[in-house]
Amino acid sequence: MSKRKHMPKRNKILERKAGTKPGTLAIPAEAFAPRFFLMSFNEHMFEEVETHTYQELLHKVRSVPDARHWIDIRGYADQAVLEQVMQDFGIHALQMEDVINDYQRPKVEDFDQNRLFIITRMLRWSPEFKTLDDVQLSLFTGPNYVLSLQSDYGDCLDPLRERIRVGKGVIRQRPTMYMAYAMLDVVLDYYFPVMADIGIHIEDLETQVLREPSKATLSQILDLKSELVKLRRITWPERDLMNELLRMDDETIPDSLKVYFRDAYDHAVQLIDLVDNHKEMTSSLVELYMSTVSNRMNEIMKVLTIISSIFIPLSFIVGLYGMNFSHQDPDTGHTLRYNMPELYQPFAYPILLGFMAILILLQLYFFYKKGWFRSF
Amino acid sequence: MSKRKHMPKRNKILERKAGTKPGTLAIPAEAFAPRFFLMSFNEHMFEEVETHTYQELLHKVRSVPDARHWIDIRGYADQAVLEQVMQDFGIHALQMEDVINDYQRPKVEDFDQNRLFIITRMLRWSPEFKTLDDVQLSLFTGPNYVLSLQSDYGDCLDPLRERIRVGKGVIRQRPTMYMAYAMLDVVLDYYFPVMADIGIHIEDLETQVLREPSKATLSQILDLKSELVKLRRITWPERDLMNELLRMDDETIPDSLKVYFRDAYDHAVQLIDLVDNHKEMTSSLVELYMSTVSNRMNEIMKVLTIISSIFIPLSFIVGLYGMNFSHQDPDTGHTLRYNMPELYQPFAYPILLGFMAILILLQLYFFYKKGWFRSF
Amino acid sequence: MSKRKHMPKRNKILERKAGTKPGTLAIPAEAFAPRFFLMSFNEHMFEEVETHTYQELLHKVRSVPDARHWIDIRGYADQAVLEQVMQDFGIHALQMEDVINDYQRPKVEDFDQNRLFIITRMLRWSPEFKTLDDVQLSLFTGPNYVLSLQSDYGDCLDPLRERIRVGKGVIRQRPTMYMAYAMLDVVLDYYFPVMADIGIHIEDLETQVLREPSKATLSQILDLKSELVKLRRITWPERDLMNELLRMDDETIPDSLKVYFRDAYDHAVQLIDLVDNHKEMTSSLVELYMSTVSNRMNEIMKVLTIISSIFIPLSFIVGLYGMNFSHQDPDTGHTLRYNMPELYQPFAYPILLGFMAILILLQLYFFYKKGWFRSF
Amino acid sequence: MSKRKHMPKRNKILERKAGTKPGTLAIPAEAFAPRFFLMSFNEHMFEEVETHTYQELLHKVRSVPDARHWIDIRGYADQAVLEQVMQDFGIHALQMEDVINDYQRPKVEDFDQNRLFIITRMLRWSPEFKTLDDVQLSLFTGPNYVLSLQSDYGDCLDPLRERIRVGKGVIRQRPTMYMAYAMLDVVLDYYFPVMADIGIHIEDLETQVLREPSKATLSQILDLKSELVKLRRITWPERDLMNELLRMDDETIPDSLKVYFRDAYDHAVQLIDLVDNHKEMTSSLVELYMSTVSNRMNEIMKVLTIISSIFIPLSFIVGLYGMNFSHQDPDTGHTLRYNMPELYQPFAYPILLGFMAILILLQLYFFYKKGWFRSF
Amino acid sequence: MSKRKHMPKRNKILERKAGTKPGTLAIPAEAFAPRFFLMSFNEHMFEEVETHTYQELLHKVRSVPDARHWIDIRGYADQAVLEQVMQDFGIHALQMEDVINDYQRPKVEDFDQNRLFIITRMLRWSPEFKTLDDVQLSLFTGPNYVLSLQSDYGDCLDPLRERIRVGKGVIRQRPTMYMAYAMLDVVLDYYFPVMADIGIHIEDLETQVLREPSKATLSQILDLKSELVKLRRITWPERDLMNELLRMDDETIPDSLKVYFRDAYDHAVQLIDLVDNHKEMTSSLVELYMSTVSNRMNEIMKVLTIISSIFIPLSFIVGLYGMNFSHQDPDTGHTLRYNMPELYQPFAYPILLGFMAILILLQLYFFYKKGWFRSF
């Protein structure tokens, strides 16, 4: 549970000021300066550019009217730009608030005329610290563009960009909504290798628990469990989002695309299955840990008990013959013949040693019979 | 679980007298004397006043017919006033009973003609004692007013009041229902910093569990868990309330406002997510605590076992050579040569010391091999 | 779990004979002789009487045709009476069977023409033994009467009777269905002080667990938990019952009464909340108990370990110097100078004492450092 | 969990051969030879007979055309008979497969014209071994008969048979569907005394846990829990079955009978309540057992700690004065006055005894103060 | 949890590359070379053949136009073949992707005109390692064929093949959809013997836990639990699949076949019951294990405590009389008569031995009374 140090963004959701006017663009202090990317393409052409200003971007878009555009704005630090975007793309103030406040659940909103406002969450997995982070990706679809907004410069959409650049085929010919689907699909696909990594992490933890469980191990297990709880909270609404897209009317999402969204829906369901599976296995790890601790306690106790049970009676015996009962009355000089006559027998000592050896063997046999020498 | 001392209001719900006539105004003994606040405003004007009597308030309201009013009554001690309010605002006896009995779940009732009766719960968080309290806020909407009733003088609505005072804009122009929404939103927004505080409290508890867990720590964890259970009981109906408002017909809540209620609904859902998250983390803390206690037991046992295992056999050995088997028969004077001849060897003592040192080293090696010196 | 001794009625449900003809009036052996109570009233008059026989009761009812009646029969020992009641009030044999067999879940049945057959359960709480009991109250509504049947003479409806006696107002003017509602409301209201008592009981148990947990405490906690499980089984169908009444058509329950049933429904929901809350707190108590037992074990172990770790090594040392290695060869008289020369040093004893004192201090410091003296 | 020895039939469901043609009559090897029973009756007559062959049975049925028949076939060993039955009564191969394979969940199928195929499960409770078994009863209703099939000769329907024999009344006059209901009701009724027995068994186990918990006790508790899990799996579909019957159209089950099926439905719901209740109590027993084991461990540890804490320091002291530091230098004869001068004080021994007695008393007081003498 | 070594295919789902174009045929590296099997039959003829190439297969199919065909392709290594299949059978690229990626949940898709695309999962159980594996079987139905695709050469459909070969009857006469059903039924049937094996495995584990629980036992139990969790994830969608097939319209699945699908649905439900049952029993095993470990600890502690409690006090006593308090002042020669006069009593030693024997007996009696000699 100590991972939170590496996750400064964790509690952002909680810093929301109570009582701010709904729909205010409360741009976070740490927001990045906006960068503007554009991909314009159709069956015949493809153009990719990063512009310096929003105006330049807009100009570019307008200069190629017969293409489809992926307008890609990263960083929210410039309020003027955001307000301009709202105006140019017909975005409601509350929607833009949702875009900026990076803690929305995945959702889809149908607005205007068959336009969609989609929020999905991109995963980030830090393999060293085994911590999960997730960043919001907001999409607005329009007749011939998809507008994507995100707070960070980096994302997991590069494979898609590459496909647009390289492949002349499918993606450049399909309607804009297909591009929106492709983005969602890429985002979702990125979850799978993360789950694979977590799976390996679980097996590592299992080995650790079985070999040498420490408090740190348990802490890691509980951390992982809490990450999986978080993941579960993200994946369920992703599924709902896909489901809602599936159930949209024909005009918003043409029937020919439904088969793709159905595929994405199936992936989301598999993802939930995986998360649940990992969560159950993590819970089993806690049980295994607890029982390992108990077993270890048992082993410790067995060592103590075996040693004590063997030597405490022996110590009594040798203590017995260390007593100073006098063979002679010091005052009268009479022999006290009943006081420890054993001490004066010629073979007393070897006999006693033998007796004690037999005792030890008997006890060892008893413990062996009880199965205490088998590793418990 | 000792926090209840700081929460005298906790069991109020339970003091309900069995068999009182339904709809009776059973004003609690500790009710405050009513205070009357009024905010009247439209695009052009704004007036704020606290009046001494209800009649004065009513007079004020009637004197500005073309404004919207926030009539704000705090304290229920005066039955006559409450009955007058019921009559003037067309409130049913059972509704007023719900207002006074401060233990209602959040809910909305549609009555008369598109008027709403809304109950929501304002949170109060005591950061020192880490205790939650919640007070009821009751709203009645009318064509040009919102009537709010609450039992206490203080509340969490000040940010909204400030916005009405300062901002000439949106809130003064919108229909009354927008003001109702704004109140609900402010109430809900106040939950978020409380959740942030609880989040920090959880991390503190975690540190405590890992460093030096005590019975007090567990007690605090279980307290927190019970607060979160309570919070869960409040937030779910808040979500239902928002959902019901969302599904109201156009006349009650115009479509142009729905987008705001949808936003509030999203907030409520996020809140539930947060509460669930905190609850799961608290449960993990209990597991961590339990395992820490077990680990501690193991460490204690290891100390005991190491010390005992080393010294008990040694004690036996030294006891052995403390035995008094006689070298000489006291009666005959014969030498008993088999009785502890070791005692009379010239280097017996140093050899024994060396033997015991080796024994100690062997045992230490054994325990080291077993990993008992690693902090478990 | 030992409370069952005080609850001889507990298993009554289980004594049902397999294979009895459905609809048979299997009057239980311990049934009370029936007593007959009648309240007749309208806006203008009020009459209350206990009659000796059922015939007398019926005669009374018929003699005041323009009043509403609460016919109140307690005790089922007389089969003839019950059969007469079935005939006079048009009650089906299976319904009467349900009335007599005191283990029905709360339910409502709509039969004949807008007549209702309602079963609800009155709570009984024994504050000394902290045990819950619940008795069935069966209601049949008719155009101008409510017929109530119960197995015991005592019940929790007295506050309602008092209200009918005293208040000339509401209840005497409203339709019969309002009286049915009033009964259900009184029954439900009685749950709240019981819950308050249980709340106090939980706090007592908590104090007990924290101060001096004993096996008896745990037994009490588990008893309470099982009572709350039972209570949950009763309150859920009570809510369903209210819900079903709410959804009845206008003719059965006029719209003007719906607001009252909605209020009762809200109460039932609050009740479920309370029961759930108490149940979760009880579960927390079990966790607290378990951890207290573990802590106690830790404390015991610490005492043992501290004492043993300090004195076992010391015992070894003193044992060491209790050995009898001889300073002189008994046969030759040669001095064996390497055999325990320490014994013959002038300051050996005080030096050893000092050494042992330092050892003790070192160990105490070690345990102090480990935090073992802090109460765990 | 060792009860399975007494339940050879448990895994029958698992012996189903993969890949057998669906609808094949795979008669189990241990099937009994069929026996044929017939009850024919109407208001005026009653006849009961066991026939030797199926043909004889059929002949009997046909000879009394104006009666209702309960055709009761027990044992499935004769495939020819079963196939004849399928043909004569219009039973589908898959239905007959369901009849023979004794592991179907309770269900109802509506086929042909208003005919029903009902599967229910009869309980068998072995009071000595506290084990549950359940056998399948299959019913086919027809216009004037009910055909019941079961694999065993014995069942729990005897009370119903007795009622038909004795009572001239209701059951002989009602339509066939009433007889089907009566069978289901008798089957269901038999669950209640079993539940009563289980309740008593739970109380016994509780006493055992509190008095002298052993591994056998826990094993019994877990056995019972697993039986209750199984029972839950049976009772839920029984309720669904009743519910489906309740929702059947008028022609299949006339309205006048619905009230009976509603009653049976209520019984099924109560049964589920009882099973759930027993299950929760059993879970509480496990908790109680676990805590009793912990308590016992605590008590053992207390005994050990008290004894050790008292005697280990005392042993050190007596060991101290058993040391052999010499009062005299053996070589020079000088007195070594600092070596254990206590040994030569006149009252040293009695003083030491007194000191040790005080030490014991102090320790006892310390443990008393800690509450260790109270039974934990 | 160590079984994963035997299951190299486990994480295949996780190896999906993020960002691959949806619908790409990403053939796994370890795919087998395709083999082509064909069964053609109708009431009059039957032909079975394995062809070398896909073209040959297709030619075979076309040469018998009036038969029904089971086209059975195993192994996905040849992309060209797969693409040809897609074209010839009108299969969508996403469907073929689902076929190849062997980690789909069971599902059914209705496409084209009443054609079905069904994915089900065939179980594989390794009885030695007690591990489950599951392989995907994909079916496409057409007017007169069923096309089945699977990644491995072996499967569990041989019993069905045998039935087609041998039985002239039912399966050769029925519509193609019946063959699809038969396949699903065979797949499902194979689950039952696996469940039987698991049931036996559970009983073995139980015996192991009761006799000699080891860490390996727990590990096996948790492994099994995790297999059952996986099984649960497969069986639920199998049931949904059957349910969806049941609810298909008449043209896709004729009514006359519905009865078979209903039967398969029942089997799926029973399967879920079995899995749940096994899962609950496995959980009980964990509880049993935990408590066995606790019991064992108790037994160890009892041995330690009995031995220590008996001998530690005795050791004190003998130590007492090993003290060297002098009977004589070495300087003055005066007799110190209060220093251990017991040592000089004539019967001191036998008396002490007797006293110690009595002490031992008393302690043994005390422990006997406490029930410590009963095996706990």
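So that you can tell them apart, the chains are marked A, B, C, D and E in the order they are listed, and the count of residues begins at 1 in each.
We take it that a residue touches a chain if its C-beta (ideal position, glycine included) is under 8 Å from a C-beta of that chain, and two chains touch if they have at least 3 such contacts.
These are the chains along with the protein names UniProt gives them: A, B, C, D, E = Magnesium transport protein CorA.
Note that the structure is predicted; figures quoted are calculated from it, not measured.
J.: Please identify each chain that touches subunit C as well as subunit E.
T.: Of all the chains present, those in contact with both subunit C and subunit E are D.
J.: How many angstrom lie between the CA centroids of subunit A and subunit D, rounded to a whole number?
T.: Taking the average C-alpha coordinate of subunit A and of subunit D, the gap between them is 41 Å.
J.: Taking each chain's centre as its mean C-alpha position, how far apart are subunit C and subunit D in Å?
T.: 25
J.: Out of subunit A, which residues touch more than one other chain, so two or more?
T.: Touching at least two other chains: 290, 294, 297, 301, 304, 308, 312, 315, 319, 322-324, 340.
J.: Could you classify the connectivity of these chains, where an edge means two chains touch, as line, ring, star, complete or other?
T.: ring
J.: Mind pulling up the subunit D residues that touch subunit C in the complex?
T.: Its residues touching subunit C are 156, 158-160, 162-163, 167, 170-171, 181-182, 185-186, 189-190, 192-193, 195-196, 199, 203, 206, 210, 259-260, 262-263, 266, 269-270, 273-274, 276-277, 280-281, 284, 287-288, 290-292, 294-295, 297-298, 301-302, 304-305, 308-309, 312-313, 315-316, 319-320, 322-326, 329-331, 334, 336, 338-340, 371-372, 374-376.
J.: Across the complex, what residues on subunit A touch subunit B?
T.: Checking each residue of subunit A against subunit B gives 1, 4, 11, 13-23, 92, 94, 97-98, 103-105, 107, 109, 212-215, 218-219, 222, 225-226, 229-230, 233, 286, 289-290, 293-294, 296-297, 300-301, 303-304, 307-308, 311-312, 314-315, 318-319, 321-324, 327-328, 335, 340, 342-350, 352.
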